[in-house]
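I am attaching a structure below and will ask some questions about it afterwards.
Labels A, B and C are assigned to the chains in the order they are written; within every chain, residues are numbered from 1.
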């Protein structure tokens, strides 16, 4: 039983899942929640409903800011269920002394991103707390979307599906780490923070045979692949060489001893698509980012596990990421 | 037994006795305190460990190692083995 | 030969799949000439991780085995010294600073991560030099740097001590836990039951010390040593060199990692160490026991910087044994494989570790868990 909450409990990986199931799922038991999808599917498949809180530091980073993230994050969770984002709420908790200009910039970013998603904020809440009670600003957004294609679920992936990644991985996590105080690195790294509904709409319009979608946020693609393997009770076999990673993300991972597959993304998603439609899906995705790739297939080899095939014929398991993201030492 | 990575020196700061090093497009500062004065130059390949330059990578040696690998591949190909 | 070296080649060139497979083939052929099983100990935890991450075991013939060594400075840290860190961290007005995954290592009652959750100021840094900024920004607090690592990392602590001494910085102290590689290697060989036939020498320890520190292993202990780089091609080539030595009846210290390792090492770094450190008479290694002259402490004239001296009265002295199901000791000595441990992956996981081999990024158990074999 969890005695004290540690930072690792918020990592999007193993400990996070432990916290969620031991405490929250236990108390809030219901069928919809147990499905553990990116958004809850409610009202008999009509709507998707999701919430997310944003505590990113630094607030402003290459490729975005906490405002952009706050809208992308929730809208993407809706998009991952094949839902068109429609209504959002926006709650902010602001630390006393926070800059008015910074707040306006953040809120303007949110407005811009809402337009891209075609969604509006219809309700909100603002709290201001004494200095030190919160780290500058925390934002929560909750969203409702209209499901355009029913049945997209992480619980029904099977051997007819292939796994595709929409672009090169790890950019958001790498960018944030590079900018954080104490790890002073400069680079051309940019967060991949992006609203995904537009590309999802394209895929849905072309009637691509999508089984599942999930954006690879905290825990990276490692987390998504493991979640899919567990939820659908399958084995996912990934070709290591096929995973697109930029030189700069590679460079940061080398310096800090990170695995790119466990780094967070905010605009990169995985798709499980029927084999026959894989190339069509890939071509559409490549219009958005040339690095879209087919990275794996589904089998029954080792149920609930993800297998990584190396370019020289060896294999190993790819595990759920765990612990805080710490640089290696000696 | 420690994570150290090859990087290229792009700048030297004599006053701070540090260098700017690049690892595949990611740059950071590294201390020259463990290197003999004047021994590290811009363009050198070095090993970085926890914020320090630890040594210079011998370029000629690295190249000859890489070339030796090409020879190994050639032997394998000749013997008709899958390479 | 006149052509330019590109940075990417220093990575990719030593990870090339065709080259790896070629060496696997060469090792297989050379391996056929062996008359008995050949057991190679890779001393360094970083090499263990390379072997597991790249699946190199799967490429070797059945008569060549790896024995994983004790080269993990966090793994061999006895619990009582982890407790030192926790006691110091909980002192008022102390900021305990240490490297990376020291934070998860279990003491007798939790880890530094746990005391941080309870309000102690514990910070992990990428570089010891980060202590300078922390000390500057917190002049009313005492920064204690909990220094760990083998010979690769000792010079970096020396460089920090140098800054503290030169600039007369008043609020940085040190708790030194630096250790050396050759002494535990000898202890393992002195054990009559050991099965070690040869060593893969650590990559970056050797950059600092030079390959000369392994001479006695070839000369006196009659065990060949090949100093290997960290990339998979380096390791495969090193294995080939060791098998060839055996088949050609040679017993030498060879360097595979010639692009970075010389015989004498980094003299500037060695001299800096000599300024500040002396060798401890003895040091207790978790799971292995007391090893003479295997660790360092500050020289007497720097005892004013030594947290072990200054806080002597409050630092716990009781030696703490491992959890009774934990066989980290045998794993560190190469007598057992992580998978031989009854609690591996069950009661002992990276999130609920019983011993530090499971939480250290250099630990054998953590390598087996993370890069689980199929």
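Assume a residue touches a chain if its C-beta (ideal position, glycine included) is under 8 Å from a C-beta of that chain, and two chains touch if they have at least 3 such contacts.
The structure presented is a predicted model; accordingly, all values stated were derived computationally and were not measured.
**Q** For the chain pairs A-B and A-C, which is connected through the larger number of C-beta pairs in contact?
**A** Contact tally favours A-C.
**Q** Mind having a look at which chain is the central one, using mean CA positions?
**A** Of the chains present, the most centrally placed is C.
**Q** Would you mind pulling out the distance in Å between where the CA atoms of chain B average out and where those of chain C do?
**A** Centre-to-centre distance between chain B and chain C: 21 Å.
**Q** Let me have the rounded angstrom distance from the C-alpha centre of chain A over to the C-alpha centre of chain B, please.
**A** So the centroids are 35 Å from each other.
**Q** Where does chain C touch two or more other chains at once, residue-wise?
**A** 8, 11, 21, 46, 73, 99, 126, 130, 149-150, 152-153, 204, 361-362
**Q** Which chain A residues touch at least two other chains?
**A** Chain A, residues with two or more chain partners: 247, 250, 254, 257, 328-330.
**Q** Got the chain B residues that touch at least 2 other chains?
**A** 1-3, 22-24, 49-50
**Q** Report the residues of chain B in contact with chain C in the complex, numbered from low to high.
**A** Touching chain C: residues 1-4, 6-8, 22-24, 31, 33-36, 45, 47, 49-52, 54-55, 57-59, 61-67, 69, 72-73, 75-76, 81-83 of chain B.
**Q** Which bits of chain C are touching chain A when the two form their complex?
**A** Checking each residue of chain C against chain A gives 8, 11, 17, 20-21, 24, 46, 52-56, 58-59, 73-74, 99-104, 113-114, 117-118, 124-126, 130, 148-150, 152-153, 204, 349-351, 359, 361-362, 369-374.
**Q** Quick check: in the complex, which residue numbers of chain A touch chain C?
**A** So the residues of chain A in touch with chain C come to 4-8, 14-15, 18, 182-183, 247, 250, 254, 256-257, 302, 307, 310-317, 319, 322-324, 326-330.
**Q** What part of chain B is in contact with chain A in the complex they form?
**A** 1-3, 5, 22-29, 48-50
**Q** Which part of chain A faces chain B closely enough to touch in the complex?
**A** Residue list for chain A touching chain B: 178, 184-189, 247-248, 250-252, 254-255, 257, 328-330.
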